[in-house]
Amino acid sequence: MTAVNDPQSLPQPLPAKRPRSFLAGVLLDMTGRWGARIGLAWIGLVAFMAIFGPLLASSHPILWKTADGVSSPMLKHLTAADVIILAMTLVAAILLCFKRTHFGKRVLIFLGIGVVVSIMTLILIKPPQAIVYSQYREALAADEAQWAVMTIVPYSPTDRFRELEETRFLSPSGKHWMGTTGDGEDLCSRMIHACRIALAVGFLSTGIAICIGVIIGGLMGYFSGWVDLLGMRLVEVFSAIPTIFLLITFVAFYGRNLYLMMIILGLTGWVGYAVFTRAEFLKLREQDFVQAAIACGLPLRSVLFKHMLPNGVTPVLVSASFGVAGAILTESTLSFLGLGLVEEPSWGQMLNQARGQGGVFTWWMAIYPGFAIFFTVFAYNLVGEALRDAIDPQLKKAAQL
Amino acid sequence: MDNRFGLKDWIVCLLLVAILITLWFKMIQDDRQWDKLSKIQTTLDAQGDELTQLANKLASGVHVTTTTQTGKTNLDADGPFARILAPMNEPDYATGDWVIYPFGSTVSKLTPLISSDVYQRVLEDHVMESLANRDPMTLEWQPMLAKRWTISDDGLTIVFKLRDNVTFSDGKPFTSEDVVFSFDWIMNPKVAAPRDRAYYDKVESVTANGPYEVTFKLKETYFKGFDVCAGITILAKHFYGQFTEAQFNESTGLLFGTGPYKLADNPLDWKPGEGKIELVRNDKYWGVAPAIDRIVYREILDDNARLVAFRNGELDRYGPTPEQYVALKEDEQLLKEKQLFEFETITGGYRYIAWNQMQEGKPTIFADKRVRQAMTMLTNRAQMSKNLMVGLATPCSGPFHRLGKQANPDVELWPYAPDKAKALLKEAGFEDRDGDGVIESADGKKFTFKLIYPASSENYKQMAFYLKDAYARAGIAMEPDPLEWSIMIQRIGQRQFDAMTLGWSGTIEGDPNQIFHSDQVADGGDNYIHYINKDLDKLIDEARITMDEDKRMALWHKVHAILHEDQPYTFLWTTKAVLFMDKRVKNVLRVKTGINDVEEWYVPRKLQRWGL
Amino acid sequence: MTQHDKPQPLLRVENLAVSFDGPAGRVRAVNGVNLSIYPGQTLGVVGESGCGKSVSALSTLQLVPTPPGRFESGSIWWNPTPSSETGSSSETGSDPVSLSQPVDLLKYSEKQMQKIRGNDIAMIFQEPMTSLNPVYTVGEQILEAILLHQKVSRSEAVDIAVQALADVGIADAASRLRVYPHQMSGGMRQRVMIAMALACQPKLLLADEPTTALDVTIQAQILELLRKLQAERGMSIMLITHDLGVVAENADVVAVMYAGRVVEYGSVHDVFENPLHPYTQGLFDSMPILGSSKHRLRTIEGNVPNPADLPSGCPFHPRCRSFQGDEHCTANDPPLREITPGHWASCWHVDGHEQGKATRPDVDVVTQIHA
Amino acid sequence: MLTYIIRRLLLMIPTLIGVTAVVFFVMAFAPGGFGGNVLNEQGAQTEGDEARRIREYFERRYGLDQPAIVQYGRWVNQVSPVGFLNTSQLTFTDEQMQAMSDVIAADDLLPKLGTPRALDDLVLNMAKYKDIEPTDAVSVVRELLVDVDAGLAWIKQLSPNILERDLNRVTKAETKLNQQRELRSLLQSQLAGRQRILFSRPAIKWPDLGQSLRGRKVTQMLAQAVPVTVLLNVITIPIIYCIAILTGIYAARHRGKWFDIASGFTMIALWSFPVILAGVLLISYLANKQYLWWFPTAGLHSLEADSMRFLPAFTGNGFERGYLLDTIWHLVLPVFCLTYGGFAVLSKLMRGSVLDNIRSDYVRTVRAKGVSEHDVLFRHVFRNSLLPLITVAASIIPALFVGSVIVENIFSIPGMGKLGVEAAFMKDRELLMGTTLIGGLIGLASEIMRDVLYAMADPRVSYE
């Protein structure tokens, strides 16, 4: 009794640290692990190539001087996608500097600018449709230009049959650092430009899968009853389908298209996320804060998305990073089976060409893209492992014993 | 009560699995060897029977003529067997030995009519025969199972007199009933042979007049009417007639006929998936027996593995890919042991780019003849055939092969002339008015189009990429659009494409009606580019019912000239075939249809390797 | 050595210190604990959770996982003088001289320890729900212990097991052998645990909160059972609990532990009548007394300190009611001192703190109680 | 337990229907339809008319002109062991055939309409199609053939997609007789091969997976392919489990030591290594004459395997491999490709599970009993740690089948994966449905197997 009367005798609380959300804590813990660091470094490198690909490998000079003065053919040839990605990277970099603005607000600004930039670019940017890759080389050879600054790899990924010389299946040399493909394209340039596809396939397809999975799983977990019953049948059906056959069927019947492929990968990959989310939501539904939220009469949308989703989505993160790795592998497998993309460079497709229609094994076509796939998948898996270790409370507890 | 599952049980389980697998293997192999034994047994039995019969005949004092080489006496030297008889005079001629062929895909069905395997055709040619065939050098029809024939003046009735000494490989005689049966069987809608049925739709009826004469009645006069009738695959009534249609449709190995070779296995229980198919010499062959004992077809799916096997001498024949060809033709070591054949045949067909002139009821850019001519002149065919086809292609000017009589020798190739082409395009109203590098018409319509091509083919892909670059130089934006074959067929059927590239296979005398006649513009026809030229129609109609060859050829020449001028297609090139053969095999000759048949080959005694 | 006339303690824990390596560095869970158990005696060890009770018991059997745990100092003397009741059934072939010589269990190798565990010293745990292997039947698990330590045939072992189950009051023992743990209730499982522990007639039973997870009625049954068995076999029990009532009823001697050390030690009578240490007093104050409505329950303020971050001096001083800001308390850790004969405490505020040095509480209470 | 299994087996039916429905409708709504590649395989070029004929034939045979849902219903009926017969399964007795022939022979229709055989077929097909007695069919046919308009109307009803051109052939024929003749041939082509389900004839029958576009029975093709895939997996699974369990236990026992860290890292690396790259590299370096020619490139047996003895032996010609060793020799590379990625997940799981168990209460009890470390690990921890591995088995078996798709394609092994990919490429609907069904069955069966195994391994689980 006595002690309670005197609040001074109670130990003073420590000066309050900024409260950190569970997610932030997990992410911080994860980035502290060396496996995750290696993984993130590699993904960063791939992302860098994906963003700045057109500036790294292009047949068009960055700058050159002709009789008409100095101009940049490369800028002229940037596609709308190139411009949007570059512009958004710039915006993101600038926004990161405004540390004081709230993170959510910055994301909103970023998205807003993104929409504006995309619309503007799609309206304004009209790159030439008929591209003559060799024109600048020919112009330089004919001394029409005084000087020109080329990109590091002076070939575009689809720059083929140059000057009608035999450029097919050249092994790596000073001119072509990674050799050339069966169509005479520079492999190094294709490798760089393929980064974008590798990233896009991983992120978009996993994103789609997560969206579907979380929504279906969330609904199943929250409502249970017949929604759950129906959903579980759907989950059962989709988990019993041999996914690879379904994928191959999809691609074989609907044709090769990058976006279609991502959507299909998403459509077939949601089952795991749904099961995860369902289990989480079933647990969460019983928890007091959710009961309280319901009791307060909050609308369903608010209960589901504001109160339950942030708490239930963490384990999904782990499987998402494995999912991204899986999607890249699947894309390369499909490409390898000859169901991949045609003109756009993709690692799997290059690896497929290594087997050689000509019956000749071209090692550079196997090693470079193959190991690019390997390192990327490895990186994602490392991140996933680190994330799992960071989240897994059991391991934490064990470490404290 | 004891430990239910520990490490020891685990190991025991593993061992059990291993033992079970081993047992399984053992049983499989025992089965296979049992099959082999029983096969040998049946062959032995059959030979025993034959010997008994022979002995009986001898005992009864009948003069016996064997059906092997000595039986050739009743065959005229310039008949169908002249070419087989020719090498027999060579000093090193000998019978025996095998020829080993590679197959690049699995053959799942040998039964004629219903098999859709490309390679089945190869086997069928050795096992089954038709009423007449073309001489490989002169390309004239020569008698096979029919000894002569008469054609009515209107070309509607063809009467074949059949040989009376022909037997099937089981010794049963061949008669007119088999011909009638063959036709009926093909036309039986329950038999899964829609393709042959469509082909023989031109024939109204086949009737037998006595055992050795058949009459074919055609529905309409047609210059190829005889080809249709003479080429019919002869099915033995006593053999194929024993099956219901359903049995026939589901059968796998029913390959049986009068030919010089027969299936080594019993046709009734041949099963796919063995990795090889063997043909043996038909000992009861009615004609001149070939020298080679056995033809073995090995299935090797991998390009590389096939090449290795050929190098090692495990294969006698090898068709390289263009890339391999470039490397192999300079391979001294290989050329020491192998002979190289590079040849072009009329049946090789041609490649083309088709320009669609009408889409959704509106004429397209390509409706203008000048544009089509310009496109042809922008296409550097010589360069492409040299680079992409590694020299295995010859640019062509029209649908008729230059080796055949149909081609007009006076027609000159359109040159590769980009400047001229640009001028022509300008004349047609296309120039770059807004400075974006793409030319457009006066009303601002940009010259852009999509080229569709089959996605599965590496070669078409390269071609499309190449063309894209070439057209870009003239300010034309072309987008390659690879399509899955079925989708491509559908798009072509619906006429929904700007331009496409494919090839047509050739026949000895082609019929342009199907492709260029305006009749075929309507649904289902092959004039999917909506090309209409009334003069051409008239010429084709006339030629088709002209039975006199010289007159017909004159008409074809005119057709060729018109097509060249109009350029409904950009005719790209005819292709060459390349073939490596083991030098051990002699009398391998080039003929107009390619390489002569195995029946004409022989291996000198010293060089023989197999089946000794 | 000087006490040849006195009965030798069965187990003597001397200055035991155990620490654990954790993410926050090395943590001392047990810090200089001294305890003795005499044959036939029940030692009650009381304290809040996390004060090192269980670790002390586990250390006795070397069951502390190493790493992350490690023994820093001390010894545990084991002196299995054959008692007349149990005979030498499990000691066949041992050197009679060594029997009288205490051995340090901490110096025993893993092999040697395996002979001791379950045989001489058995242990039961607080979580009967998880302390049995779920994939083996109850019978298999009891038999395992019997076959390991006794040279008997399987059928004899089954008999022993049935007897053991019957001893702990399980009806239809023979058929219960074939039952899996999950098919039994918590109380039954704890009985099985006890039967398993007792099947080899150990001399010492370490009971680590054997009743915590059970219903109150079952608790009483189990404790009653333990008392009965102890009386029958004359074994010693180290009863670890946080329930003072349980101690009062079952123990002869009480050791109160706080923050890895023993803060008060004495016979049940002494400690309950006259708790010396403020912590013990606090414990008693926070215990409801039946029938006294005037008495207001008092709690001990604050929490058990984090063993990684112990307060300086007396670890209890931040929570101590007697603490007046003495430098003594904040600077020096009070040693365990004998305040009255056989009653030890470690607190600077208890009278007589000038006297003597800290020594081991070699208490003779056993004779007093059992006399 | 038995009732549980039966219930699970019954529950498989709706799931399987769902599985096949998804795949079926994916195909049904695809542009280009199915079967197009048959044209492709029949040679690069098919003349328009012939192509159309082939397409029409397949449309009739597989009912492609029907709505997708009807097609699917037909397929299910065909596969289901209990269902309705269809016309192709109907046969006539000899007496019935004779009676029909008599009617035809007595009729004056016969001489006017050409060869008897074709009319025979028409009547028979009609009888089957309408499920009426052959003798009745004769009168139906006679009516239809006499009244050309009625006949045409019926044909239109029969196949709504029929081309105007074909109908015109009938109407534009000059004489009445020719019209009848054309009508007959048209009717015949429309009736032949068209299968109709006879709802009047429910029956218990063998499940029929139909006929592949390439003409072979799907069941036959699967019977050849499935054992090969099963063989690959039967060899792979124990290897994967062995390695995973051993490394898992070892890593758990040496937690935090170099082996634990190194194996963890290596496992993730192996797991990430694309099978396609591994396959390409293995073939190109280990099975290539130019480098190391240790292993064969393709297939399951050598060509001479037929004539080999079973066990290896030394004969006059030196060492002979023998059938057994030959097969094993061919299996090394594919099995390696299937294995190396598989045990990463399992090993990690085993490690975690062993760690959990080693720390668990019951292990403390066991230790307190005086059981030796070895026994603790292999008698108590081992068995409990296996439980999560059994759970994973349900997902690892289907995953292996997916893996074998790639491996079989790389090493040209004629298994189910290769068949499935070929079917997809060929757009061979029946074959693809067959492989999907088998794949789904394997997935579901492995789930049931998992549950049964779990019940056997864990006494706490029972399905009473």
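Observations
The letters A, B, C and D name the chains in turn, as written, and every chain counts its residues from 1.
Methods note: a contact is a pair of C-beta atoms (placed from the backbone, for glycine too) under 8 Å apart; a residue touches a chain by one contact, two chains touch by 3 or more.
It should be emphasised that the depicted structure is a prediction, and the values quoted were computed from it without experimental measurement.
Chain pair with the highest count of contacting C-beta pairs: B-D. Central chain (C-alpha centroid nearest the global protein C-alpha centroid): D.
Our note on geometry: chain A versus chain C, Cα centroid distance of 58 Å, whole angstroms. In this assembly, the C-alpha centroid of chain A lies 48 Å from the C-alpha centroid of chain B.
Each chain gets a centre from the mean of its Cα atoms; for chain B and chain D, those two points are 31 Å apart. Work out the mean CA point of chain A and of chain D, and you get 34 Å between them. Along chain C, residues 65, 135-137 each make contact with two or more other chains.
Shared interface positions of chain B, i.e. residues touching 2 or more other chains, are given as 3-4, 304, 456, 484, 487.
Multi-chain contact residues of chain D, defined as those touching 2 or more other chains: 31-32, 34, 359, 383, 427, 457.
Of all residues in chain B, those touching chain A in their complex are 303-304, 306-307, 320-324, 327, 383, 387, 436-438, 446, 448, 455-456, 458, 461-462, 465-466, 469, 471-473, 475-478, 480, 482-484, 487.
Chain D contributes residues 359-373, 380, 383-384, 457-460 to its touches with chain C in the complex. Residue ranges of chain D in contact with chain A, taken from their complex: 14-16, 18-19, 22-23, 26-27, 30-32, 34, 264-265, 268-269, 271-277, 280-281, 284, 288, 355-356, 359, 398, 401-402, 405-406, 409, 417, 420-421, 424-425, 427, 432, 435-436, 439-440, 442-444. For chain C in complex with chain D, the residues that touch the partner chain are 58, 61, 63, 65, 110-111, 113-119, 122-123, 125, 127, 130-137, 141, 144-145, 148-149, 180, 182, 193, 196-197.
Against chain D, the residues of chain A that register as touching in their complex are 35, 233-234, 236-246, 248-250, 252-255, 325, 329, 332-333, 336-338, 348, 351-352, 354-355, 361, 363, 366, 370-371, 373-374, 377-378, 380-382, 385, 394, 398, 401.
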